[in-house]
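The first chain written gets the first letter, and so on, giving A, B, C and D; residue counts start at 1 in each chain.
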Amino acid sequence: MADYTPSEMMIVCSARALAGERVVFVGVGLPNIACNLARRTVAPDLELVYESGVFGARPARLPLSIGDPTLVSGATSVCPMSDLFMNYLQGGRIEVAFLGAAQIDRFGNLNTTVIGDYRRPKVRLPGSGGACEIAIHAQKVFIITRLKKRAFVERLEFITSAGHLTGRPNQRKSLGMPGSGPQRVVTDKAVFRFDADSGEMFLSSIHPGVTVAQVQAEVSWPLKIAADLQTTPPPSPEELRLIRAELDPTGMYTT
Amino acid sequence: MADYTPSEMMIVCSARALAGERVVFVGVGLPNIACNLARRTVAPDLELVYESGVFGARPARLPLSIGDPTLVSGATSVCPMSDLFMNYLQGGRIEVAFLGAAQIDRFGNLNTTVIGDYRRPKVRLPGSGGACEIAIHAQKVFIITRLKKRAFVERLEFITSAGHLTGRPNQRKSLGMPGSGPQRVVTDKAVFRFDADSGEMFLSSIHPGVTVAQVQAEVSWPLKIAADLQTTPPPSPEELRLIRAELDPTGMYTT
Amino acid sequence: MKITAMRNAVTRYVHDGDTVAIEGFTAFIGFAAAHEIIRQGRQNLTLCRMTPDLIYDQMIAAGCARKLIFSYLGNPGVGSLHCIRRAIEKNIPRPLEIEEYSHFGMVGRYTAGAARLPFFPLKSYLGVDINRANPRIQFVTSPYSDENIAVVPPLNPDVAVIHAQRADANGNTQLWGLLGVQKEAAFAAEHVIVVVEEIVDEAVIRSDPNRTVIPHVVVDAVVHQPFGAHPSYVQGYYDRDNKFYQEWDKISRDAGQTQAWLDEWVFGVDDWTGYLQKLETREPEIRTRLAPGQALSRPVNYGLYGREGA
Amino acid sequence: MKITAMRNAVTRYVHDGDTVAIEGFTAFIGFAAAHEIIRQGRQNLTLCRMTPDLIYDQMIAAGCARKLIFSYLGNPGVGSLHCIRRAIEKNIPRPLEIEEYSHFGMVGRYTAGAARLPFFPLKSYLGVDINRANPRIQFVTSPYSDENIAVVPPLNPDVAVIHAQRADANGNTQLWGLLGVQKEAAFAAEHVIVVVEEIVDEAVIRSDPNRTVIPHVVVDAVVHQPFGAHPSYVQGYYDRDNKFYQEWDKISRDAGQTQAWLDEWVFGVDDWTGYLQKLETREPEIRTRLAPGQALSRPVNYGLYGREGA
């Protein structure tokens, strides 16, 4: 048995991916902890921007939602939603953003809207929130989600947020999307990246103790695998200490 | 000799025209004094809105410009320019606005941009500022200007702000202008109004001691005259007391 | 003087069939107003809100709405909005029409509504199905670049309800914390009900005019309703009652339990005072549990400018 | 740490041929920055400002500009901007290209620039000659109503200079009083120089995050320059020096006198400290004359939210 949880592995992978980044758009839960871990390790200058309009938050407790009042008190700035979407996100100020999804396809397109027919849904999901625009405007997108066959699907039932679309070269650019789209998918079993030419997801790094077959079993399409497939380095003792002692002491998100 | 100045007469005429109004867009100088006089007489609920974004000002001195800091301190609200133009003016919240002009034509169109050719001007004037939009969006426009032949012209050299255009019925509406356009022109010799059908300016009220011929002499086109031409009631002792003792005690604008 | 009781404000400004926006992103959510609307039995409302949250889950469970205009359906930090899902997935208690945008799309709709613009442009809805599901999202071509850009139409509610920390009796309203789209919603609406924790003297408002988010010019009614955003929060006044958000997740999974909750907590009381009494009977220390510590802003000097012609 | 001297900030971020916006509507006008730009001999600038005011009158008289983008040319409360008129009417000291809007048009240009929109729509330029004089003003058709609505293109200056009351060393900048279009200009610009009356500890900024108009993310340099907006004013710090505005009306009517003034007050000093010394030598009581009284904002409570899972 590993001495860390799958959630902790996801947090650590996400944090490491933020090395050197400066402005990240963050949701609560795992991405929040990952960004805070990155600030204390690989990205000391990282600025966390919350979708609720908060910058430079100094939360006195682990926030319960992106609108938690603890994010506001002691922040460096708080702005209305129109400023957030117009001047920060559309204005090109966001370098990295995290997105989750109920369904993802091989090009990193995401569905958070509906399972089944839109007008007669089997399961009604939350919808876009800011995700549709984040996927267009953030310079890079990191996706965090658990690896499950019903999530990694051949064909989305609804496209809420654009990834690399159908994989045609320059397709995002020709549609007028400033951001470069999804760069990584961090899961509890492996990390995926995207081929620069085809836009297709490939297995880039596999977590310790997981086999390629176990990963393929949870992905609905024949998965491409990196020639130099890595084994994800496990969380370091210092990373685990920061998560457990400082960032999520009650284990709300990490157990 | 009248015991009041032409400026005082203009202020009083403007103030009286504000009877019952609630939200007025005001510049400094005569309109500012007129609006404050109206608040103390015929329009106690009048809210003064300054183009600089100030509402409910309580100036401790007579403001020197629409951006005077004395307007800000103690106001009920101060907003950015984008709010002022989008939500207040274009949003249809302004009932009355005052405009001045270097030139005015018989339909109340105004020029504050240039005398001579635009690219090779004889006299370069200030330009629009907010006037172009005020003329479109304010529910009513009152014009304050001194009566002079070179100002009341047959044909403007440049249209900065739209009045009743060429006088065709529904012309403003068909262009998409929400406001009803100029309603009065207050001058130092007379007050003019506009014919509801033709949009043409007519002499509505003449100040005490002024003749129709004197007015016509300062207007470049053959002036229409109201069938029931009035003599403007002179400033009352109370109006004069308010102006002289409270609103402009140093006589900066009124002498 | 616009101060009035919630009952009167709702009776006067919220009518069957109206388009209603109760805004406030995660914070300042006007539950007191929502409960009064439910209690007065309003029907066929079109409810607008970026994040319908528990407030519209309750109103939709109570059968007030025929349509929902929104951008994110969730119980923040907890999970699903089960009543709204039940309405969309199973037509319980009645069918619910939906008109769906992204957050930015909703911001754009309110912005256009406030500014009386025929549309608001935003770079969004590229390569996705949202605009296919919602034909009100259109595209226009820029005369400068031939770029096609999405546009959304104005949203002009019949009434907006805005909860805030404080207002004066005339309706000048100050907010701090998350500002969401409250200003835009208020300017876009035909009528505005402001609900506040405190009615303050005009001098308090005038000491900091830049803090006034909603000016009296657009306000029709001011309702003094302390704790009126419970179980959501008001910055500096009380915390979110997260226990209730979690409890609702359980209650709302079942239509019967939901109805029982509405019967007890909404229909079973006369007004918000009754709701608060019940709340404090159940948990006498609730206000202490939700009370934040003090973190005061440093004052700024606006300056007195009294001298003539400095 | 972005604190730097004005000289360095101008050397680094303002280059010949740049598009420069020094914004601030009537208040917060960045004269210290303008004088340094003149002193360093910048040429061929495109100057953007809703109200060019004395600041651009001086820069244009000094020959810094080849083009002016604006919406109102006036010496507020006093009269004309004679130097700019001389440039437009008589090509003195050199021809000046103009690109002219209404106020709302300039607001729209900055707003589109800040938000990277291809255009900003506004209901204006109906029945007038402004759009005939400026072909950059175009019209688009609304897909909802077939209404034609004016649009203006984005304005993205190479550099914006914003004067404010206070910032922290990292560039988080707070302003109160007239807010003009400073926020939009800062977000629209490639580089931003913030000039402040006071550098404050980050804790002051953090005590009131809603007051932060310009966040550090968009700021390149912070210059500490008290009294740096003289002869304009900074709310709560000093009043407008109206005597100078009137004096300028006389000086600026004559090209020779204007040049003599620039020689003495701009070229004749090393920096803003030198300017202020000259000012106080001429009028020892100037700071007293322009000092406002105190009018403090009432503090608001943001609340301390430290407890887990309230």
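Keep in mind that, in the parts below, a residue touches a chain if its C-beta (ideal position, glycine included) is under 8 Å from a C-beta of that chain, and two chains touch if they have at least 3 such contacts.
Keep in mind that what you see is a predicted model, and the values were worked out from it rather than measured.
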item	value
Chain pair, B-D or A-D, that carries the greater number of C-beta contacts	B-D
Whole-Å gap between the CA centroids of subunit C and subunit D	36
Averaged-CA centre spacing for the pair subunit D and subunit B, given as whole angstrom	29
Centroid distance [mean C-alpha coordinates] between subunit B and subunit A, Å	58
Distance between chain centroids, defined by C-alpha means - subunit A, subunit D (Å)	40
Two or more partner chains touched - positions in subunit D	111, 116-117, 122-123, 147, 149, 177, 179, 183-184, 207, 210, 235, 239-240, 242, 292, 295, 302-307, 309
Contacts with two or more other chains, residues of subunit A listed in rising order	54, 64, 68-69, 72-74, 78-79, 86, 90, 178
Chains that touch, pairwise	A-C, A-D, B-C, B-D, C-D
Contacting residues of subunit B [partner subunit D, same complex]	28-29, 51-54, 64-69, 72-74, 78-82, 85-86, 89-90, 109, 113, 118, 121-133, 136-137, 158-162, 165, 171-172, 175-178
Touch list for subunit D against partner subunit A, complex	111, 114-117, 168, 170, 172, 183-184, 187, 202, 205-207, 209-210, 212, 215-218, 302-309
Interface residues, subunit B side, partner subunit C - complex	23, 47, 54-56, 58-62, 64, 68-70, 72-79, 83, 86-88, 90-93, 178, 250
Residue ranges of subunit C touching subunit A (in the complex, touch as defined)	25-27, 50-51, 70-74, 76-77, 80, 84-85, 88-89, 100-104, 107, 111, 122-130, 133, 147-149, 177-181, 183-184, 233, 235-236, 239-240, 242, 292, 295
Residues of subunit D touching subunit C in the complex	116-123, 138-145, 147, 149, 151, 153, 165, 174, 176-177, 179, 204, 207-208, 210-211, 235-237, 239-243, 289-290, 292-307, 309-310
